[in-house]
Amino acid sequence: MAKRADPAEELARPAGDDTTTLSHQRVVRPSEKSGLPPGSLVYVGERPPGEPLVTAIRFGPAGYEERPACCIEEAFPLDPSWPVTWIDVVGLDPATVRAIGKQLSIHPLVLEDMLNTRTRPKFEVFEDHVYLSLKAIALDEPGEELRVEQVSVVLGRNVVISIQEAPGDVLEPVRERIRRDGRIRQLGADYLAYALVDVVVDEYFAVLEQLDERGDSLEDQVLARPTPETLRDVHTLKRALVEFRHALWPLRELVLRVERESTPLIDPSVLIFYRDIYDHTVQMIETVESLRDVVAGMLDIYLSSVSYRLNEIIKVLTLFSTIFMPLTFIVGVYGMNFRYLPELEYRWSYPVLWVLMIGISVTMLLYFRRRRWI
Amino acid sequence: MAKRADPAEELARPAGDDTTTLSHQRVVRPSEKSGLPPGSLVYVGERPPGEPLVTAIRFGPAGYEERPACCIEEAFPLDPSWPVTWIDVVGLDPATVRAIGKQLSIHPLVLEDMLNTRTRPKFEVFEDHVYLSLKAIALDEPGEELRVEQVSVVLGRNVVISIQEAPGDVLEPVRERIRRDGRIRQLGADYLAYALVDVVVDEYFAVLEQLDERGDSLEDQVLARPTPETLRDVHTLKRALVEFRHALWPLRELVLRVERESTPLIDPSVLIFYRDIYDHTVQMIETVESLRDVVAGMLDIYLSSVSYRLNEIIKVLTLFSTIFMPLTFIVGVYGMNFRYLPELEYRWSYPVLWVLMIGISVTMLLYFRRRRWI
Amino acid sequence: MAKRADPAEELARPAGDDTTTLSHQRVVRPSEKSGLPPGSLVYVGERPPGEPLVTAIRFGPAGYEERPACCIEEAFPLDPSWPVTWIDVVGLDPATVRAIGKQLSIHPLVLEDMLNTRTRPKFEVFEDHVYLSLKAIALDEPGEELRVEQVSVVLGRNVVISIQEAPGDVLEPVRERIRRDGRIRQLGADYLAYALVDVVVDEYFAVLEQLDERGDSLEDQVLARPTPETLRDVHTLKRALVEFRHALWPLRELVLRVERESTPLIDPSVLIFYRDIYDHTVQMIETVESLRDVVAGMLDIYLSSVSYRLNEIIKVLTLFSTIFMPLTFIVGVYGMNFRYLPELEYRWSYPVLWVLMIGISVTMLLYFRRRRWI
Amino acid sequence: MAKRADPAEELARPAGDDTTTLSHQRVVRPSEKSGLPPGSLVYVGERPPGEPLVTAIRFGPAGYEERPACCIEEAFPLDPSWPVTWIDVVGLDPATVRAIGKQLSIHPLVLEDMLNTRTRPKFEVFEDHVYLSLKAIALDEPGEELRVEQVSVVLGRNVVISIQEAPGDVLEPVRERIRRDGRIRQLGADYLAYALVDVVVDEYFAVLEQLDERGDSLEDQVLARPTPETLRDVHTLKRALVEFRHALWPLRELVLRVERESTPLIDPSVLIFYRDIYDHTVQMIETVESLRDVVAGMLDIYLSSVSYRLNEIIKVLTLFSTIFMPLTFIVGVYGMNFRYLPELEYRWSYPVLWVLMIGISVTMLLYFRRRRWI
Amino acid sequence: MAKRADPAEELARPAGDDTTTLSHQRVVRPSEKSGLPPGSLVYVGERPPGEPLVTAIRFGPAGYEERPACCIEEAFPLDPSWPVTWIDVVGLDPATVRAIGKQLSIHPLVLEDMLNTRTRPKFEVFEDHVYLSLKAIALDEPGEELRVEQVSVVLGRNVVISIQEAPGDVLEPVRERIRRDGRIRQLGADYLAYALVDVVVDEYFAVLEQLDERGDSLEDQVLARPTPETLRDVHTLKRALVEFRHALWPLRELVLRVERESTPLIDPSVLIFYRDIYDHTVQMIETVESLRDVVAGMLDIYLSSVSYRLNEIIKVLTLFSTIFMPLTFIVGVYGMNFRYLPELEYRWSYPVLWVLMIGISVTMLLYFRRRRWI
């Protein structure tokens, strides 16, 4: 079997013209990609990619150093005087990803996943590195759709590479902690990788709270005076919850797998922190499910109260119709021009008729009162 | 690997300015906390915290002693002449929690959980203590929302520490039993911990019964004469059930884990009591699910009976319209002022017309009777 | 660990005043019980308890003997000349339960369960006895709510104790079989215990059939001519199904556990009969689920047919309105008293107008026919 | 333990009067059976049983022989010159079942199951025979209810006994194959048993297709012009699906158990064919679930389109009312008989009024057009 | 047991007349097939089959050769100078399938599955070949139904046989890659089999995207101005999702089984690629579930907004009716011809009446404004 070509190696080798085409930074949708060989490095997503920004942050108990790099190659080989190197890449670009893959000998399918922002969160353990991707979620305004961005983290020996789709402040708190706080600097690359995951998941709480508040305010509206706009907002909220849940479930699996699949790259004392993220994820899932229940209830209430108000309106219509239709008929009778219509000649016809009509009206009203319509 | 810093130790050490800030008793929402390093001791909840009340209750077969303490430190080291010491803390405060953590060497993530009242119920076994947190539930009034409070219990060797968010009488029955009843005083700290959990779960039954009664009374209303207020109440009940279920499910898991994860701190003869709590929890879950089914049915019935009554009203409207519209048209015909309108001159026109009109009305009524509208 | 007090023993000992209070046969609801120590023997249920009736039935291949006993104590020690003794207790009473517990050394939590009629069906294996509780279900009338009663069975060596809440004929068939039929008398106490469970579960079939028939008759009503009473009945049926299911699910678990947890008290040749009960239970669960589906469908149909009939009524209303409104307007025109209204003077105005009005009516009718409203 | 009576043996022995009663072929419903000892051989089902028809089919590679038998006893002992004997019983009758039980030493509970047509499909392995029961399903007409019949198969050494409730052609294809086709005659009794199961399951496909077509045709009706009859048909289809599913799920379990529980009576080369049945069952379950989804959708569409058409009708009503009500009012004004009503005297009043009324109508129509009602 | 006939062998042998009949290429529906012995090679599907097209593609690192073959037999024995032979069959035909079965000694049940296009996706491992079938999905137009085609792949030693129902370009990208790209030619038959599966699954993404876009556009329509056509489209989309899901779920299982069931025919370096397909499948399943949620929400919104608009229309109707009915009555009063009707004679009656009528209208309008109807 030694002569057999390893498909991963074959795929890693750039193969003529189509790779050249792919290095153009085109926005490719998955369906357009279909038919290309697996392992093709094409960016799949919605953001027009620009030149990626690479920053190398090196730190240790002694201090830290933060400097921009032109490219991945500039950061390697690692400087052994710093215990941890964090290479922070912002912007997805096949060339950069290929360079990362080359430095850490990453499987071509993993590189493909880094570029495909539609893949599910993943955790994969290799001999000398660990690959982990997750979704950063943000909500610009409560009534808006969720903004989802892929964050990939590669944990190697003494090195962490993080790759974000677009510039954003998701990972900023970690940078801040490295700058300000002596503690994170005392710990290894595995703790740094955890800190990155933790900060991304923390953002979920913020989004969930916004959705929760949105739900409360919509609930009030639905119960008070629902309009089609309310309905639209309920639907938007529902969609956001569907998407949020869509992001949460695989995250839960992922964290569980981190705990279970042992790798020497992650120390047991750091693993316990993933348990914490797991608990948070489960808690958020439960909250989302409760919110979904509540939102589903809103639609029922909307429908019910629209029906109820229809009843109220129809009651008024029926009230007027049933009172005035007989009266109009009666006055119509005495508007006829028959030559022989005896009542027209009587002296008390007119006042008697009024008494009669008032009697009819009162009877109707009493009848409606008895039926509890008024 | 010996040189490696243990992240838990690192986190336990107070690290400069941000800890100082945290000791101010601010109400922090989870989203505001995001970005802080894990293990940061910040209170997360909705109650403005005050000075925590610490009471030390020591007992044994011989008797008991109950005295307030200024602080956690005053209660340590334990007095070996009393077999069991219960330190009852009311009010969440980072400083107190830190003191507890220091006395019993508790992991910083556990301390964080104590302060974060939004975490799920938990059971965690350590070498020389057991951590257990659960939610106390109360319902001020049936139509109101649930009041949820976190209760944390730390079981050490011969010591139990309970921490409540706010003063309440949830744990009062246990205090009473220690004061009055000789039996609980004969048993160990593990039984005391169980008794605390049991008394909290017992409260759930009271809440569930209130919800059940509320459900029955709403059901009667919905079937008798539903109004939008009924609908609102049904929705409130539904929300309360969602929340209640939200609290019950993790409790079930928790009790199951207590049974399964063996620790020398809990004697097997006490473990059997947890089986009892487990049974209660499952029973409550089943009742909640049944109630949810019933509540869901109420909305259907509301909608159905509103629709049915709409039909009834529309029937009356149609009845009057279809009888009086033709009649009004007919009398309108003979109200016209045409010079050549022969019927006007005939002697018997008027009575004949009445006969005709009564005939039309009777025909309509018979038609409606045949269609079963009246 | 020998010095340690066993909590079960502690609880078994009557402890001063509160037990005295409890021996008054008060109807206690679970919430009122909260705060009492676990193992407190208080009756929890809805039936006002009376003096319990104790009957001892002793039998063997040789014959049988049936005699009432004043109390539990009278039946002990067992008469070894009879292979099986069945102590049949009707009526729940803390004193009697305590006596049973004393004779067979039953765990106080089990005694508590016997008195608490709200607990779930249970099966618990102890060294020299087996505890089993289940719910007897009856349905007085199809449109009524289910009547649920707790039946507890304790199987000891050569003795079976059955405890029912209230006098009823649930266990009567077993008594009959002992009196009439030689076969059951040839078998042991384990088979008797099985026979008691079997006869209780057999009753479920009768109830299920009543519910099924009720479902069929309601289905016909809903499809033929639904009224709000139908809706109410559908809802009552739905509730009964919810309750029935509530009783069935734990029963299924229970029987499964009987099969799995081996105890020398139950012979394998008897165990196979529990498999039979298990099959019945699963079959009933499936039938209940199907019925629930059907009932859920009824509500949809109710709503749909109410809506459909609304349409029919509104069509008639619209038909009359659209035909007679224009006509009434037209005759109104020629009822005006203008001095200069030329058509009034024409010879053929009146007949022409009739032709016109009939034309309008026919046109409208044709239009409605084309739109398929009539 | 040797002295102990085996309950199965006890039950197998006919026990005096009640068995005599039971041999009358009464149609007993399960609830009526409750109270009888387990193992009582009573027919439970809806078909009035007649004299059962017994046919013995013997075959081998050399040929086959098919002859009616008066009773079970006539077919035993087996003729060793034929490799396989198939005893085909049509009609359920306690006496016949008892005879079968006696010949093959079958457990009394199994005999009870054969007679009780309400039991779930079963597969039970005994030392020298295998019991298997399943439901044959047929659908006379698409709009009708399912016809369900129980088929029991007992596989012994070189013998297969099949028992059907009523004469039908379900097993006819197998008989045909034995008559025509040399292949099935070359194989053993285990393959024959498989062939019987296979032919019953094949019928399910036919029923499923009928239901599927029914679904398609109803879908068209619902989308085109729904009537209450459509609704009724949708409901009937839904019920049929519920029942079909009710029959499919246990079948799936059954086939899985055949594969897993090894018995020397079934050769591994035959077992692989059960895998095939399993695949068919799963495929049918998936199709049924999809159909259920589609049927559920139909009810929504029914309701939605009824609502939509209500809107259309109400629009027409509103259109006419809002145009003709003001006009009728106006002509009513000039129909008043006031002595001092100046407009009546003007020369151009009448034409001006027409212009005014036409203007009002056009304005209304434009308004409605703008609101997109017409 | 050596004498025993193996049923598979028996079935493989053509058995007289019925096989001859079957070789006619009839379109057989499963129900028509029922009663035939298992393993009968009959085409089950909807496409009228034609003459199948067989193409043999041979390749290796050195180059490739692509030539049409008259039939399967022409392609065997394999040419050992080419490392991989791909026999690409388009068109299902019992004779061709039988020939394939003969060349690779395939089990008759597998051959039956190849011809039955209604079977679920399958993966079966045999000693010297692997059988894998899956569904190719296409969507001609977004509003249309899914087009599903079965693709079977047999992987033997150095040979892959693919069988499609009808000519299509599903596998074209793989052919293209063999022609253009040197890499796939370097790898073995197992990678080719993977590439075929991959290209089929890639098509699913394209379909899913079309469905997703369809969902978005329908959502806009439903929220803006729903019509019955929208409803029909929503229903069609729902059905397509049901079918899509129906195809996805077994695919997921299939890929999982490929990963788990080890066979020497698939190299571990290729197995890792199946993990990739698995991830894609799970991702698509999640997306489909989310879409189903969204589509379910659309129906609710449709219903809600139809109800809301009904309310709006009814409000206008009620407004006009309640204003003009009293006015029409009033003018009717003074249109009466009573001899003694004093108001008719007064000088200011007419203007006063106008003031009164305007007053009534304004009052009504104010009332409606207060109730927020206008």
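For clarity, chains are labelled A, B, C, D and E in written order, and residue numbers in each chain start from 1.
Convention: contacts are C-beta pairs under 8 Å (C-beta built on N, C-alpha and C of every residue); 3 or more make two chains touch, one makes a residue touch a chain.
Worth saying up front: this structure is predicted, and the values here are computed from it rather than measured.
Enquirer: If you take the chains that touch chain B and keep only those that also touch chain C, what is left?
Expert: none
Enquirer: Can you tell me the C-alpha superposition angle of chain B onto chain D, nearest 5°?
Expert: 145
Enquirer: Once you find the CA centre of chain C and the CA centre of chain E, what distance in Å lies between them?
Expert: Each chain reduced to its C-alpha mean, chain C and chain E end up 43 Å apart.
Enquirer: From the mean C-alpha coordinate of chain C to that of chain D, what's the distance rounded to whole Å?
Expert: 26
Enquirer: What positions in chain A touch 2 or more of the other chains?
Expert: 303, 307, 310, 314, 317, 321, 325, 328, 332, 335-337, 341
Enquirer: What is the shape of the graph in which nodes denote protein chains and edges denote touching chain pairs (line, ring, star, complete, other)?
Expert: Per interface graph, the chains form a ring.
Enquirer: Enumerate the contact residues on chain B facing chain C in the complex.
Expert: 61, 173, 176-177, 181-184, 186-188, 191, 195, 198-199, 202-203, 205-206, 209, 219, 223, 267, 269-270, 272-273, 276, 279, 282-283, 286-287, 290, 293-294, 297, 300-301, 303-305, 307-308, 310-311, 314-315, 317-318, 321-322, 325-326, 328-329, 332-333, 335-342, 372-373
Enquirer: So in the complex, which bits of chain D are touching chain C?
Expert: Touching chain C from chain D are residues 1, 4-8, 10-11, 13, 15-16, 18, 29-31, 33-38, 107, 109, 118-120, 122, 225, 227-228, 231-232, 235, 238-239, 242-243, 246, 249-250, 299, 302-303, 306-307, 309-310, 313-314, 316-317, 320-321, 324-325, 327-328, 331-332, 334-337, 341, 343-350, 353.
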